[in-house]
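Attaching a single structure in structure tokens format; questions to follow.
By letter and in written order, the chains are A, B, C, D and E; residue numbering begins at 1 in each of them.
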Amino acid sequence: DEFVIGAHMPLTGSLARSGQAFTEGMQVAVKIFNEKSPKHKIRVEVIDDESTPAKAVTAVEKLVSNGATAIIGGYGSNIVGPASGASDKLGKVYITAGAVSDELTARGLKTFFRINNNAGYQRGVETLLQELKPQSVSIVTSTKEAPLLLAKGLEESLPKSGIKVTVHQFDPAITDFKPIINKVKLQDRSDILFMSAYENDYVGIIRAAKVLKPNVKAIVGTWSLATPKMYSDFPDLMQNVLGTSFLPFPVEVKDEEGRRFADVYKETYGKEIEYLSTLSFVKAMVLCEAIARAADAGTVKSGGLADEMRKTDRASLLGRIKFDETGDNPNFTLSMGQHQNGKIVLVSPKANATGAITYPGLPW
Amino acid sequence: MFDLILQALSSGVLIGSVYALIALGLALTFGAMRIINLAHGELVLLAAYMAYVVEARTGLNPYAAIPLALVATCVVGTAIYFLVDRIREHRELNSLILTFAVGIILTNAILLFFASDVRSTSSPVLQDAVSVGNVFAMNSEIIAFAVSLILMAILWWWLKRSWYGRAVRSVSSNRSASMLMGIDPTRTEFIAFLVASILASFAGVALYTMSVVQPAVGHALTVKAFIVTVLAGVGSIPGVFCAALLLGITEALTVTLASSALQELAGMVLFLLVLFFMPNGLFGAHARRG
Amino acid sequence: MLETRNLRSGYGRINVLWDVSLSFPQGQLTTIVGQNGAGKTTLLRALMGLLPHEGEIRLDGQRLSGKTWNLTERGLVMVPEGRLVFRDMTVEENLVLGAYPKRCRADSRTNMERIYGLFPRLKERRGQLAGSLSGGEAQMLAMGRGMMSSPKILLIDEPSLGLAPVIVQEVFGIIRQLKADGTTIVLVEQNTHMALGVADHVHLMRSGQVIMSRPASEVDLDELHDLYLAREA
Amino acid sequence: MLKLENVTVRFGGLVALKDVSFRMGPGEILGLVGPNGAGKTTLFNAISGLVRPRGGRILFEEQDIGRLPLHQRARRGLGRTFQIPQPMHQLTVRENLVVAQVFGAGRADAARLDEILEVMDLKSQADRDAASGLALQELKRLEVAKALATNPKLLLLDEVLAGLESQAKRHFMLKLKELQARFKIGIVIVEHDIETISNLCSRAVVLNFGQVIADGTPSEVFRNPAVVESYTGTAHA
Amino acid sequence: MRLLGVAIFLAALAVPFVFGGNLYVMGLLVSSLILAGVALAWALLGNLGGMISFGHAAFFGVGAYTSALLAAKLGMPVLLSIPLGGLGAALCSLVMMPTLRLSGPYFALAILAYAQIFRILVTEMSGITGGSAGLSSIPALPTVFGIDLSSRSGSYIVLTLLVGACAAVYAAIRRSHVGTALRAMDESEDATRVVGVNSVLLKAWMLILSAFITGLFGAMNAHIINFLEPDYAFSGTWSVLPIVAGIFGGYRTILGPIVGAVLIYLFDQVIAKSLISVGHQILLGSLLAAIVLIAPNGLLPLLGRLRGDRHAQALRGGRHAQA
């Protein structure tokens, strides 16, 4: 029998970049699932939510009225919030990998699941910083929701480990970062420049840093930074830059699933897997498996899917996935990778490290 | 502190000169035809993507893309012009919708062709720093600054002194009177549009070398350019330059002296203040009489 | 020689000119008179290609394409009624634009000095925006601008409108001079007294038609006014 | 009813009006003449509020109106026309008048409106598409009609007669006299035709370079050598 | 025209009885009606006030935040907070009064600048507004007389009534002398003022009214999707789409913006999206370009002309270029 999963993704608009990567990871997951599952087949129906909440809500309603069994959410807490609310009203399971706000899980929705959260990112960055033991950190953060959340969290937690923190917020419209970096250079004189932002901002910030050469020891960022793509697009900006990552590059995945994912992905899209597609792959896989289990138990129609989701407990490329009462995945942790001559080496936490960190290490 | 402010001023001037470059084409079509080309930002973006194509495919310096960018923007600019020229009623308002529509089409076409990845030059030479004392800038910024100045001077001369330039201004002032002077308004407007497209291509390549582009930024570019144009006052080239620098410097100083999150706010407040105290922009003269 | 044959023209759905056939002989001054709304201005606009028309307009036997700017290039120039100046450009820029046709660009400096000589007021106001000129000053500007291109045929619409009596005298002096220089002139004027003083030919229009054409020497002012009045007839 | 005291207007460095003073009584028809650029239109603009004088006072019915906004001056009974007609383009002729009547005079009065249309010869045009399709002379008549519709006590007419064929001009002049007599409207009229001023006005004020150079009956004024030299060129009786 | 309006209104009220069960369709209609309301308010300002605004997002956002905060933080009943949202937008239009001195693109951009300023202020005042993280769990519309207004059909009915009411107010103003005077001011402001019209005051009222209506719909939207964040509430979409809808439908008519908004939204979301999944707006762009070229006065006047409608012709009486 065939099940339909509905997905709303920001294929156009400000989040289009993330939407595309998400869609790719998800498609690969479904493809792999269908290959190995003889009984149940899954089909995804994707609707562009145009990076806006109202259209995401409409998309969810349309997907459900088209017979979707469950919904895979797009990107951004602002959009996932209302969309998952709508999905809950319709009694459909909703899973996302692109919304980290704590408010989402505080709503007490029974159908809402996510595999990553702000706490995980924060932990990842904290671990690295505790290992590096800098005296001071300058945080340059976009005023967008997720980056700001992370920055605020770090601003609170890092001083507890004796690290001095200065935060510089910037409006996403800004393109010239030299004045900010100059403040880091002349006023903060920090050991580490931490960026909580998105790709276009990273490029601008690192470029400004490369021009002004502040006396920092490392440049650290978060999502979508330690990716092979960033290195191939901007080779002379990325050397030694650190960012969150799950997999080293070239991919050395130990487990079968990871290898298969990398292969199919490369085959389908002609490129290496990326941070966002990995997240999306895992969430889609988890959902597919839960659907299969519920189908076996015959409880898909009677609302058993949410229970099956809650029973999920498996290892994945992202580590262990097990949802708590609120639908969150408290085990979500990640590693920090460093660009080293076109490779991405996992350097933190120590346990996962695939190589030694270059520290101090800068792109210039 | 002094160093900070100095750096902010220089950054402001450099970024301002690019704002000016982006705004010039818009100011020209606005001044010449009273038509606000809402697709101007997309035209600039198109040129930037041409630079990307050339750099990524051939490994050449992005400036080598200027001929290709010229062709692309002029072709699209021509198409826009002929569409606008077909509007028969309420030209000012309808051209707004028409060019907006073209902007949507271009944005989405770029999205389809180039996906939504962030693009910018990877050439190390262009990103290298030059410094004067404690003030730093990228090579590409200096080049863009120079190009901007040169183009502005040429354009200023062209509008003020050449017969075509005079024709452009007269058509915008009074279409039928200009016909009586022996000016073909359609041709004149077309030329103005072409020149605007040429300016857009330079602006696009400059943008690609010093900043990042994404399909969605076209609209923001238009708005920025438009704000500069209005700040300047209709049809004033020196006005565009001053307004753009003023905006750039205000933004940079806000980041340095206050919070970077307020940069956008400061620009807008500046814009409103200028408008309230000089309702026709910094350099706009306007005859009103009973 | 400029001539029209069965010319019809008007505004949108409204037709104003009905089968106007006229000729304006080389080097002579033809005046067109008629009551308000007779269609005199409309005729000039149609001649200049500013309005769509049916019928023929010929210049030296050649049919005109109707593109205003080509006509100007060929020496057909109009001084429009109603102060059609470039309001947001200066007086001097307005004058310079008058010399736009290629054939007269070289002479624009000398022409401008000549016009400043004729209208000293314009010289005083050379840097002022034309939109802020007084009504009479704008009228002078329109006249001066028309002369900038040394036209072969000059169509003038109500040159005395809004001018002080002294200036009216001067303007007619200028018109006389232009005629003496060999310019073909078509003059539309309400001040029939002045117009008859300079004209070679007179055409009277009423309701979009030419109802009388005569050499000026055969026209008597009183008779003309009687014909004007015949509107109720 | 109207009294100007040392009204001065400048545009940048240019002094367009300098210490202009005169007064006029109710129901008077005053001719305002002078060479081109003498400042006649500027004076109208100052009285009706379009330009702000640098100095001097403008008294209308004994009250200083120099600081009032445009629309309040209109409501107090100041009507004016524009030398270059400025109809309300979007509206039909009738709607033009309705607006003037409702906002200027304070109430709609269809009968009076019809009367104005009749007087100004605009009946046949009244409900045509939009005022922008009128010829120049029709627009000028519309200017006067609009001003009349505001129920003015004082009417400022800027070259409304220029460009009229002589018969029509005579006709128009009769109408003005009739209006003035019937509604007791004071009229200030700018006109370059000496004959017209002589026939129509009981008094004339001559401006030159922004200053009053003569004030008196038309025949006096037009004999004044300063006026002859700067304005008329030849002496008129 | 008026009959047509009433007929459309009645037909619109009947829609839930047909499609009420289909959440997707009703959701689309609800969104398109929100847009229709804003488009109507925009056109009111553009047509009557003669002011083309590029920044109605300012009013939309302020209306939304005012109502949402009043309801969520102060516990005010939603049906009360929504009009107060409109009032909030109207109040914030008061600080825009200096813009009335500006005209054309100067005005348009000044309003846009205000929209940006408000967006940034709301982002920065995170103590009250939740900053960029936004507000979630905004109270939904209540149940009145047994009708659950928060259901899709309920919201739809409320919105239809609201749009209808606003259109009626608009029509009443346009018919009045004030409406004629406002129409007159377009391009002939001095001429209008010298006949005794206080143009600044009238324009100010139009700005306030337009802001109020926009705020009202912003507030409705907030309570319908129960979520707000600055980027969304002040999104350029709320400035641009109403313009597009207004001009598409015919912004000098009352029905035009409403019909335009519904058609454009449905076309983009239903037809275009099903044809092209990424970049479906290409079709929207092409449609817009086509309508401007084919029907420069918008769709409704075009239809009117096809039927030989006299009213539409009067609207068409554009200014001929005066040679």
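The rule is simple: a residue touches a chain if its C-beta (ideal position, glycine included) is under 8 Å from a C-beta of that chain, and two chains touch if they have at least 3 such contacts.
From a predicted model like this one, the values you see are computed outputs, not experimental measurements.
Engineer: In how few steps can one go from chain B to chain E if every step must land on a touching chain?
Structural biologist: Step count on the best path from chain B to chain E: 1.
Engineer: Report which interface contains more C-beta contacts, comparing A-B against A-E.
Structural biologist: Counting C-beta pairs in contact, A-B comes out ahead.
Engineer: Hey, which chain ends up farthest from chain D, C-alpha centres compared?
Structural biologist: The chain lying farthest from chain D is A.
Engineer: Go ahead and note the Å separation of the Cα centroids belonging to chain C and chain D.
Structural biologist: Averaging C-alpha atoms per chain gives centres 28 Å apart.
Engineer: Chain C to chain E: how many Å between their CA centres?
Structural biologist: Once rounded, the distance between the two centres reads 50 Å.
Engineer: Could you work out how far the Cα centre of chain B sits from that of chain D, in whole Å?
Structural biologist: Between these chains, centre-to-centre, one finds 47 Å.
Engineer: Where the centres are mean C-alpha positions, what is the separation of chain A from chain D, in Å?
Structural biologist: The separation of the two C-alpha centroids amounts to 75 Å.
Engineer: If I count partner chains per residue in chain D, which residues reach a count of at least 2?
Structural biologist: 41, 48, 50, 82-83, 86, 133
Engineer: What positions in chain B touch 2 or more of the other chains?
Structural biologist: Within chain B, the residues that touch at least two other chains are 108, 111, 176, 261-262, 264-265, 288-290.
Engineer: Scan chain E for residues touching two or more other chains and write them down.
Structural biologist: Residues 120, 123, 190, 278-281, 318, 320, 322-323.
Engineer: Okay, in this complex, where on chain A does chain E touch?
Structural biologist: On the chain A side, the touching residues are 11-12, 46-48, 52-55, 57-58, 61-62, 64-65, 77-78, 81-82, 85, 90, 101, 103, 107, 143-145, 148-149, 171.
Engineer: Can you name the residues of chain E that touch chain D in the complex?
Structural biologist: Chain E residues touching chain D: 177, 180-181, 183-188, 190-199, 313-314, 317-320, 322.
Engineer: In the complex of these two chains, what residues of chain D are touching chain E?
Structural biologist: So the residues of chain D in touch with chain E come to 48-50, 69-72, 74-75, 79-80, 82, 86-91, 95-96, 98-100, 102-105, 108, 129-130, 132-133, 146-147, 149-150.
Engineer: Within their complex, state which residues of chain B touch chain A.
Structural biologist: Chain B reaches chain A through residues 3-4, 7-8, 11, 14-15, 108, 111, 115-120, 122, 124, 127, 129, 136-138, 211-212, 214-216, 220, 251-252, 255-256, 259-265.
Engineer: If we count contacts the way the header does, which residues on chain E are in touch with chain B in the complex?
Structural biologist: 52, 98-99, 101-102, 105-106, 109-110, 112-114, 116-117, 120-121, 123-124, 190, 236, 240, 243-244, 247-248, 278-282, 284-289, 292-293, 296-297, 316, 318, 321-323
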